[in-house]
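Look at the two complexes coming up: chain A is in both, with chain B in one and chain C in the other.
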Partner chain A sequence: MKFKLPFNKQQQQPVQEAPKENLVRVAHATDHFIQSIKNATNNPADLIVKYLPPNVTLIYIDNLIDDQTLNNDIIANLQSKPHDTPEAIEMALSIAEVSQSSLLRETVELMVNGHVVIHIGGFPQTILANIASRESRALSAPENESQVIGTQVGFNESLSTNISLIRRYIVSPNLCNEKVKIGTRTSTSVSLLYMRGIANDQMVQTMRQRIKDLYIDELIDSAVLAEMIDDNSLSVFPQMLLTERPDRFCDGILDGKIGVLVDGSSMAIVSPQGFTEFFQSQEDQNLRWQIATFLRLLRLAAFFLSVYLTPFYVAALTFHYEVIPQAFLVPLSESRALVPFPPIFEALLLEFIIELLREAGARLPTKIGQTIGIVGGIVIGTAAVQAGITSNILLIIIALSALASFTSPSYMMGNVIRLIRFPIIILAGFWGFYGIMLAFCFILIHLLRQSSLGAPYMSPFYPPRLKEMRDSIIRMPVPLTSKRPALTRPKDEHKFVPEPVKPDKS
Partner chain B sequence: MILLSFVFLYGCAQTNILDKVGLTTLVGYDVGTEDKIKTTAVIREVNPEFQSNVEVLSTENDTSKGNRMEANRKLSKKIMVGQMRVILFGEELAKKDLRYYIDTNLENASVSNGIFMAIVEGETETLLKYEYQNIEDIGQHIFRLIEQNVKQEYMISSTLHQIAHDYYSSGKEFAMPIIKRDDELVELSGIALFKGSKMVSTLPAKDSFYVKIVRDTFKVGLYETVLENEDVPSEILQKPANKITVAFDAIQSKREMMLVDADTPTFDLNIKIKSRVLEVYPDINQGDPKSVAALEKAIEKKLSKEIRRVIAHSQEVESDIFGFGEKYRSEVRHSKLTKDKWQKIYKDMKVNVHVDFTILRDGVFE
Partner chain C sequence: MAKPIQLSPKDMINAYLLFFVVHGAQIGVGIQGFQRIIYQDARQDAWISVLLAGIATHLVTFCMIKTLEIYGSDDLYGIQIDIFGKWIGNFLNAIYVIYCSVAFFSVLRNYIEVIQAWIFPSIETWFLSATLLIIIIYAFTGGLRVIVGVSFFSIILSLWIFPMLVFPMEYATVDSLLPILENDIRSILKGAQSMTFTIIGFEILNVIYPFVKDKKKIRKPVHLGLLVTTIIYLAVMLVSIAYYSEGKLLKTIWATLTLFSFISFPFMERFEFVAVCFWMLIILPNLCLYLWAAYRGAIRLFPISEKTFVWLFSFIVLIGTLLVQTRTQINTINTVFGQIAFYVIFVYPILLWPIARLKKNFASKKVKKNE
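Let's look at the complex of A and B:
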């Protein structure tokens, strides 16, 4: 059964707007031209019109351009000697990106992008010089994907900065960068990055198609884009990785994945992405393989612990008291004896409190957040036990599973883990272990059905690709993982030709 | 639709919330008046008012379920048997018939097949109702007592699963440990031998070593034996003595049963024991290979004598707890062995016991 998607992915290209407006030409007369620009931009307060005698006019939007460049490289050059033809002016400007246009619409579009419009009275064209300066914060450490060993730089909100970061990691002419504008109102720049010679053409084509087919009016963040170009937007599991680490992004690209950057967003999209890869951290590459393997197994264990521990408690206490070890029986039943609620209600209540604390901690200012953490953790925790609302053991279990859910390196996946726990708890409270099994099968089937950019989501487990398990939930030493994952169907399968770990002594 | 079925089906699941059930940890069966079953149950109840208490309830009824219903009328919580660990039988009941009890518990899905079964000298009720000073929960205590001894291989293991297997196999009888109250303690006092489902004889607890060594392989068990005067090789003694006490733990034992003659069944029983001698009193020179060899010989002689004695005893009461019949059935074609048939053959069976005892080490200095 296919659900109807909440928005249309395969919508027809928007009908080209009336060519009449598109083809309005730039006026000869200066007054006429200024008026037409003002009309087209609704005469904003920051529109600056500057006359340079005898016949040159400069029009720009104050907040978009770099004042220093304007003064030194444009006004100074224009004032030094008079020019009378657009060609002469174009030659005179010491700016790299200069173009001419005779269409009003194009002129206005570039102007709102940070170009200066130079108009010479009597000529039906404009000269456009790009001196845009965008406000962006300095590069800083990635806040949400911090790691101990490894680079401490994250993407910021500027597309050009982000691309320059990537170009610094991958110094190669094969790094392809395609630019697309998305959003009829915001016209946000979206960059599609991939490695020619590695990335699969079909996947690139699919990705390009999905982005280009979007017909939306606004695009503020890459998370929105990721949700819209996912294979299954209705699934709770993310099928594309959102990362703010340039090293992780580049590692993915070099494996044959396709990256998407959105202007104004500090998160980059990497796809195709397998389910197990959400539990891998870039730090794993920087650690010795034994330690990396241990950490990956730890995260996987944390995933299962986080999802199934509380339901297991609920099911065991509600239906299957037989499975409780005898040594554990008395402490468990004694701590439960004071609680007036059935286990399912007790568990849901505590999970709810923990989620409240987490949400409050994320929303509150940093300083208050810490205080709330202490209040929530200690005061509510101990008070709840003393008041007889919950049992001590459940408190430990809930805290443990909350902690475990944060070990996922991807925040998106961590959210999923926290969410899918609730239905499982309810099922466990209704039908015990049968309910848990039902939920487990449901999740498993759902995961098996998913795909990421057409690639199987559960690879390398389904389809089983035994050799790729070397770099999935474990990480084998680098010489053994010299092949790129088949998940991306890379054109060049080998990263390098592995040499024997221990060369024969000769 | 699916959600709706979830809501409706919720009512179908029967809940047993832990703090709302009384957990039976041990059940003892006795012969009641007028052929009724007398049940003594150790039930742990947890209440908010007091920490937790252990109730020992005795009821008499026609069936064990009837007993459970009767006990339910006396308690504030629903009685469940899912956490039951031990079933005890009174001696008198065991001598009558245990078939009904084995079947009932086997058929009850909520009773684990790993629970231990044991016989009580005298009545279970008196054993369980006695107020022990240092034992808080008599049910758990007996369970741990049996479990610990089985794990250490001091006592034969008799879980419901093993008993049922032996009971339904045509060439083997089951055996259970016997427990009794010894002042303020409960002790394992012996082994009960069964013929069919009736208890026919007992062996003292010391003999459980021989029973175990013939029944199955041995890994960690500790054993002490006394070499009598006539067995003691005089040349190894440094001082003249009447007897030598030897304590050893078998590192590994291996038994091999071979049917040599099928007509009047004759078995070769080869037992290989590799062991570590822990204590010898009085002292002998263990550094000398000759005296070690002599000691080995002496122990072999002693062990085979004891094993012969134990087997002879079981033959006398027609209770093949060692499983010679199983071997017979698997080796002799078309034997169509039944329990009755084997019991008759078993009586006249001959067993040649060979013990090969090797001393690997004689202790380690620390």
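Let's look at the complex of A and C:
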């Protein structure tokens, strides 16, 4: 069964014959040249044209460049003594990135990227000096993936800052960085990062191809890109990790994964990613292995609890009273005595309320969000029970499963957990345990069918790799996990040569 | 020799996964109530019958692997065409396809009956049948990789059911097993023959063989799978005989489920409600593998796409489940199918092996003569 995708990943780029404006050359005459630039950029208000007698003209966009560099390193140098050839001017500038161009289109493109255009009357070419300055916020702690022990720095919206963060973690010439421009209108910079000698060439090629094959007009955030280059964009389960932690990103890259950064987005894409890895936090690496194992098992239990606890309640109360222990039957029926609704309606109502609270809390400013949480959680909860709309026990169960869904370190996976609960509750309300089992089997098969960048999604459980399970839902001591995961098909399988777990102390 | 099946490495599975395939295909609906049928013949020596049946599976599998190894990389369908020629070969293939389809149908219908008898007496047969078929279609269209994955998870995730046998042991008495070997060999053998319906499933090896990556290594996982199945059946049988008082077992259709029915935990009573529903995961590999085996045979008989086949097949099965309604009918189907399966699974492979060998010797001599 293959559904038609809403957009074709293998879409052919329309064959573009080089349009005439691509080949228009830069004019000799200064007036003519300025007019052509103004026409090409629709004469924006922040376009500055500055004459430097006798024949030099500077053109730039005010908001894109660094004023200080412009004054000190360009204007000062050009004013000190006259230069009459492009080569002489190029020599005179104390700027690192300087180039020449004779094509108008190229000139304009670089200008809107933050280059200063220097034109000399009588010469059919321009000199372009890169003094771009991009506004970006300071680095701050990652808000969505906070952790207690570990680095407290997250990506921000600037691509160059993010890459410098990564280069600080991985000081190696083997860190490859490929740049691609995506979006016919936004021409957003996308960087593909991987380790040469570890990352699988075929996977890098697949990723590169998937990004290059995209033919879209805008790309604002990496989450959009992740959805479009996923193996199965229609699945509710994400197949690529979105992270705002540079340490997690680098850890993935060192395991042979491929990272993608998008300019203007504070989330990085890491792929291939297995299903269980969504329940791992970078903090697990920083904790002792016993504690990390406990936390991972806790999160796995939370996943099952969150998905199946409410449906189990609904199914047991609707069809299978026999399953409930006798001692528990009395308090349960007492608490439900006043409730006029069937369990399925009761559960859906409460789930809906809790989703409302979550959504309201996420949209409001932090201060108000907390207040809403208290008002919603305590007031509505207590009032609902006293008004006899829901039972106390269901309230506990719903709150528990909501809490459990937030333990997933990936917000994307947490959303999935909260969503898939609803169909399962409905199935449980109509067909009891049979319905729950139906949903369970369906999800299992669905997960088995998925792949991440061509690698099996359920790895290392299926295909079973016993040795890799040491670092899956449990985490064994570091010397026992010296191999890279086979999920990424790494070229170099061993991270290091393991030493004995307990070396003899001399 | 017929042209071997061409496969890309992506479709192939590792040899050790055959453990899960064989074991997953064997355990299914049979285990829910096989005790009564064996007990009818062999009484308290029924466990010996189970043991004999288990040994028989090892022998038959040995012959199967020998036959398959002669041809290297071909499945039973190809072998039959090569040995018996186009017409008889295709006729035998058609029988095998029908056999797989009936096995599929039988598993499905039995499970539906269990659900209706134990949990939802009022739920419609067509609904249960349709929902199960949809799940199976979803797994089947994922390809062999997904089907084997389902077998794997089916076994791993149901491991916890086996220790539940400890609970009835509390009320069991060893005296019920005595005296050993009181019944004559004939009735014990007859009991072993009655195990057929419960213990079959390993014949999937005939079809999956070309899809295995390292064919030399298959013996260990396959025989291990058979061994584990035998041990589980033996354990269930021993506990059942020891738990039920004399004659009670004759009147219990689903003895295993009845065993479960009094297990209770502080947080859950009437464990069998969960067990019966959970059984869906256990029969899933049965159904998927039989459907897949039928499909592999069907594409040799007539050109049919995977999609058309699976929908047509599901539709016919859906109609079938509606036609067979009563307990007597289902029981008759189980018995008749068990008898036919005995010849198809336990007798035929042993005959096929010498024939395949003779044919091969004959063919190689012919080639030498021509040279």
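By definition in this document, the second predicted complex is superposed on the first by the 499 of 506 C-alpha atoms of A that agree within 3 Å, B and C clash if a C-alpha of one lies under 4 Å from a C-alpha of the other, contacts with A are read in each partner's own complex, and residues count from 1 in each chain.
Quick note on the criterion: a contact is a pair of C-beta atoms (placed from the backbone, for glycine too) under 8 Å apart; a residue touches a chain by one contact, two chains touch by 3 or more.
Just so it is clear, the structure is predicted and the values come from calculations on it, not from any experiment.
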### Task
Following the overlay on chain A, give me a clash-or-fit verdict for chain B and chain C.
clash
### Query
Between chain B (first) and chain C (second), which, if any, makes contact with A:432: first, second, both or neither?
both
### Query
With both structures placed on chain A, which of the two partners, chain B or chain C, ends up touching more residues of chain A?
C
### Query
With the two structures laid over each other on chain A, which partner does A:440 touch: chain B (first), chain C (second), both, or neither?
second
### Message
Quick check for you: in the superposed arrangement, does A:322 touch first (chain B), second (chain C), both or neither?
### Response
both
### Task
Classify the contacts of A:336 with the two partner chains as first (chain B alone), second (chain C alone), both, or neither.
first
### Message
Contacts for A:300 in the overlay, against chain B (first) and chain C (second): which applies, first, second, both or neither?
### Response
neither
### Message
Once the two complexes are overlaid on A, one stretch of chain C runs into chain B. Is it 96-104, 240-248, 294-302 or 330-338?
### Response
240-248
### Query
What part of chain A is shared between its chain B contacts and its chain C contacts?
319-320, 322, 324, 326, 431-432
### Summary
In their shared complex, chain A is touched by residues of chain C numbered 14, 17, 115, 119-120, 123, 128, 131, 135, 137-139, 141-142, 145-146, 149-150, 152-153, 156, 264-270, 273-274, 277-278, 280-281, 284, 307
## Note on the structure
The answer for chain A against chain C in the complex is residues 1, 319-320, 322-326, 328, 431-434, 436-438, 440-442, 444-446, 448-449, 456, 458, 461-464
### Complex contacts: residues of chain A adjacent to chain B
316-322, 324, 326, 329-330, 332-334, 336-339, 342-343, 430-432
### Message
Going by the contact rule set out above, which residues of chain B touch chain A in the complex?
### Response
6, 9-10, 13-19, 21, 23, 25, 44, 46-48, 51-52, 80, 82-83, 85, 110, 112, 140, 143
